[in-house]
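Letters A, B, C and D name the chains as they come in the text, with residue numbers starting at 1 for each one.
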Amino acid sequence: MSTPTNPSFDIAHLGHVEMFTDRFDESLDFFTRVYGLTLSGQTGDSAFLRAWDDYEYATLKLTRHHTTGVGHVAYRASSPEALARRVAVIEASGFRVHGWTDGDESHGRAFRFEDPFGHVFEIYYDTVRFRPKGAEVPALKNTSAAFTGAAPRRIDHLNLLADDVTEFRRFMETCLGARVTEMIALDNGRLGGCWFTVNNKTYDLACTEEHGKGVGRLHHVTYATDSREDILRAADIFLQNGVHIETGPHKHAVQGTFFLYVWEPAGNRVELANAGARLILAPDWEPVVWTQVDRLKGQAWGLKTIETFHTHGTPPVAKDH
Amino acid sequence: MSTPTNPSFDIAHLGHVEMFTDRFDESLDFFTRVYGLTLSGQTGDSAFLRAWDDYEYATLKLTRHHTTGVGHVAYRASSPEALARRVAVIEASGFRVHGWTDGDESHGRAFRFEDPFGHVFEIYYDTVRFRPKGAEVPALKNTSAAFTGAAPRRIDHLNLLADDVTEFRRFMETCLGARVTEMIALDNGRLGGCWFTVNNKTYDLACTEEHGKGVGRLHHVTYATDSREDILRAADIFLQNGVHIETGPHKHAVQGTFFLYVWEPAGNRVELANAGARLILAPDWEPVVWTQVDRLKGQAWGLKTIETFHTHGTPPVAKDH
Amino acid sequence: MSTPTNPSFDIAHLGHVEMFTDRFDESLDFFTRVYGLTLSGQTGDSAFLRAWDDYEYATLKLTRHHTTGVGHVAYRASSPEALARRVAVIEASGFRVHGWTDGDESHGRAFRFEDPFGHVFEIYYDTVRFRPKGAEVPALKNTSAAFTGAAPRRIDHLNLLADDVTEFRRFMETCLGARVTEMIALDNGRLGGCWFTVNNKTYDLACTEEHGKGVGRLHHVTYATDSREDILRAADIFLQNGVHIETGPHKHAVQGTFFLYVWEPAGNRVELANAGARLILAPDWEPVVWTQVDRLKGQAWGLKTIETFHTHGTPPVAKDH
Amino acid sequence: MSTPTNPSFDIAHLGHVEMFTDRFDESLDFFTRVYGLTLSGQTGDSAFLRAWDDYEYATLKLTRHHTTGVGHVAYRASSPEALARRVAVIEASGFRVHGWTDGDESHGRAFRFEDPFGHVFEIYYDTVRFRPKGAEVPALKNTSAAFTGAAPRRIDHLNLLADDVTEFRRFMETCLGARVTEMIALDNGRLGGCWFTVNNKTYDLACTEEHGKGVGRLHHVTYATDSREDILRAADIFLQNGVHIETGPHKHAVQGTFFLYVWEPAGNRVELANAGARLILAPDWEPVVWTQVDRLKGQAWGLKTIETFHTHGTPPVAKDH
């Protein structure tokens, strides 16, 4: 197989994440009333949620399950042809293939496959657009309307844990044509973390090393806010609603993102982030490489990373109990 | 010629704008000390400037000239192959071609062509990256360092005036593979304005109708800030430095951008803008269409557009004198 | 009578404003759901409202009435002794005295008097503190909890219209021991406006010249936000809720306050404002005097003051119909 | 002696702090170029500095010395009569009196006295106002002009260390007529910290328990910014200039202040803070009391207080070496 075009442009953007929760009602209350997503619809064991500027029907599919963690990760292709091209590449890649599914309320048929660490991915083109009705109709044509809770603007990225970040990188570059924008190169020669994008966002998926022997685990899912002030305000909202604030607000050294991490009621880590006006526009972007020495300086303004940030993932592993 | 792929991905991003000034020293003082760009270098009659997060050597080429206005507009291609593809398309397009130039301090050879309204464009791939030295070396690897004046983050877009926006749209779609994200459809059937992007930015070039019978005129050039607070602070800086504030800070209805317009010493209109976390991620984006009735509501929060915004362009036309 | 001590310290702060509305239900819905005050209680024809950091039970008493406008303006005294001293001064002042009232749900007995232009004032010491219960109990002891609507922090000031601002100034200095922080001196020798404070706030009451031959009219009532970002966000909330945005967000030249003016459903003008960290700390503050020439420059960043800002007051006068 | 009136109103506000530095040139460079104060003048071993909205000639007197720490703390009285009243109270108080000094470039004669823990205080009325000249003349009459470095707005407060906070409280209430707005009540019956104000500011001086057996030590000096965004921006400026960021930005639980602590080149801790629109307006304010259990929750959003925050003061004590 030839070197994947970098970026391939075949994949347009991160579409949605399916999150598992073993406290469905509490999680749904959190995501709608506190975190501030809006409920597009509900069916069987899943609720379909979106941020106010997400153009699709759902960017978070919250599913009742006996565990927490991530159900699947979905990217939207740039066109039907691009979808077909990607499927051919994935089928030839040697990575595990699940095959086509019919989709659900939020999108049409999707092609599923799996990374070597147990995370299920899908790519799709046919989607369902959000069409506002009644009080949802925005005052301006190019915006939407939601001011409940933290009310982030759009889905931003997610972070998955993997035993071998280098192998995960091969998966992302091969299957999605993603490119690396920043990475952590450890002294032992391994990658400690890797940040990927399929478009001009600085990253839509990050992978960091699994330290808990878990399989297919989620580190966090993130929505973007318009400003850092939105995140400071969200911190007060989380505090008032008894949400566990893990760390932040502060600024990441890697990617320079202003962040705030909380745990939703079932324990999945959720972030709010603001990248300012930063974009990756250079077609020949040179990945930023952080060394172990760099990382010892802590976050951008010196905050030491909290211990649970390195150990907590969902679902939890035995030793977490 | 077949319908251009939309978007084509052949063009990566707006690279730089050459701005003419008949008050070179004052303009350069404004852009460096007040507006807060940094000077990468100077040669002959041109100064090469960049914002702190621009990865290229220059995004504004400020050139001493007997008029004001725009010298040329440059887009960077995604690869050498993409550049070749675009050149072939442009040569076959029927639009006026200038041919190859050698480039300058800030980039390699570039292919020049012209829209039907007198604006010169160029596309190029070979570029010169900014490599910080001495005090410019940033504390973090993925950022840069500038806190002088308004200090915007990166070049964002420019706005050109044209007699026939519909024809300009054909030019942009054909030559650059740009796509339209928003537009104004007047009651007389004409387009009042059209906003284009070649990537995930909401727009990198806008075209609005020329009402002054000028040729090849510039409406404004814009740099992006990380926050709306940066723009509020900039307003105070401009005020203190005696800069003519034309309108803003306020929020555009079209595109929802938070804006501030000032005139640099020679009279060219310059904007600072913040789009929050808004991006155009949908590969099948449905352009937002604003009607004349919509426009009567003024800007997003009701501000009536100031008269000079409709009449002032550079270079000025006879009736402006 | 001798020159009043300046400041007297006898009056602690603006306590509350009674606002009349002839659309009670719509006004109450606006103030609670959109503007974001919280309802402390309701009795007969009045609703008692407060902002989340107001320590008293009510800072806005919204009263059903056949007109709009201001019912009365209340200041809290610094102590029972200070209250007695002020009452003695007012009784000796020659200004019209109404005498003692019993107070209401929100405070104890109050002494009422009137300015020469028909506005009723009262001063009181005994008050009712807000004591949070249930979901209102804040996560931190020194704060409160409200994130609905624009959710301003505390009452800030009001603006009254008067035929003779100089005479109104004499009233404020005499009766409340207020001091002038800024004023507009017109070319005709009259005061165009005057800003007063009884404490370290930059102003808690402003008076501007009545141009409509109205009596006892209100120009606006204002609550303070913690940041300018809060006001930008509020503008979006007002827009989405169909509230008439009159002018702003922008920065006043006078006082430097960042402002946003809207009309509540009955037509009373309501402002949100942020003064940053500005305080009047100098005991011998030299009032800032703005001339007519200064005012021609518009607001701080050049915005021209909208016509209705000079004409609209409540209740409306005949010619407004 | 009778119970002091609370508040007395005799003291108007914190006037200035004299800070000692054993690295005078580096400290002065930090305060002017990075922290963003402006230099009003220099004489002998002292530089006189102010923030852009401080109305006096100097709010920070930076003095070359063989140690770091605080030289003296100065409050301005409300009037000459108030000054005389306070002097009488202090002379009768039993606290150590130094007597009258002639003042310096920044103010007239001052009365000096000392707390039981070795900090020298002074009160004065005659002052020198800042009168802008040339480029310092602001574009608006009620503001000033400085955009260098972090450019805070005005002096806010300082924090002193004392072996016995309860006794320090008696000193502040007696000598300055200060009132307590918040305090930490330890399980051992001692006060862990106490926050004082003489006006409507939430605090202008804090005292926390000395754990290092030092005498007359300074914990930190703070200037106020207009917004939290100013503080986030300052963090980047400090980072870029190699300034030691100790902790923050974050929000204090006590007082709810948004904060950022850095060490100036000689080691004195300096803070930037924003209190939003919070003021203490109630004349009968009920102090907020924090228990040891409350404090275990960390700062407002859960940040654990960094160890050096409890141990580092200036001048350093033996064990710090």
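Here is the rule we go by: a residue touches a chain if its C-beta (ideal position, glycine included) is under 8 Å from a C-beta of that chain, and two chains touch if they have at least 3 such contacts.
It should be emphasised that the depicted structure is a prediction, and the values quoted were computed from it without experimental measurement.
K.L.:
Of the chain pairs A-B and A-C, which one is connected by the greater count of C-beta contacts?
P.N.:
Here the pair linked by more C-beta pairs in contact is A-B.
K.L.:
Out of A-B, B-D or B-C, which pair touches the same way C-D does, with over half the contact pairs the same?
P.N.:
A-B
K.L.:
Using mean CA coordinates as chain centres, what's the chain A-chain D distance in Å?
P.N.:
So the centre of chain A lies 44 Å away from the centre of chain D.
K.L.:
Report the inter-centroid distance (CA atoms only) between chain A and chain B in whole Å.
P.N.:
Centre-to-centre distance between chain A and chain B: 32 Å.
K.L.:
Go ahead and note the Å separation of the Cα centroids belonging to chain A and chain C.
P.N.:
47
K.L.:
So which bits of chain B are touching at least two other chains?
P.N.:
If we look for residues of chain B contacting two or more partner chains, we find 140, 227-229, 239, 300.
K.L.:
Which residues of chain D touch chain B once you look at their complex with the stated criterion?
P.N.:
On the chain D side, the touching residues are 138-140, 145, 147, 149, 227, 229-230, 233, 236-237, 239-240, 242.
K.L.:
Under the stated contact criterion, what part of chain B meets chain A in this complex?
P.N.:
9, 12-13, 53, 55, 76-79, 82, 140-143, 153-154, 156, 182, 199-201, 224-229, 253-256, 274-279, 281-283, 288-290, 294, 300
K.L.:
Please output the residues of chain D touching chain A within their complex, sorted ascending.
P.N.:
228-229, 232, 235, 238-239, 245-251, 258, 300-303
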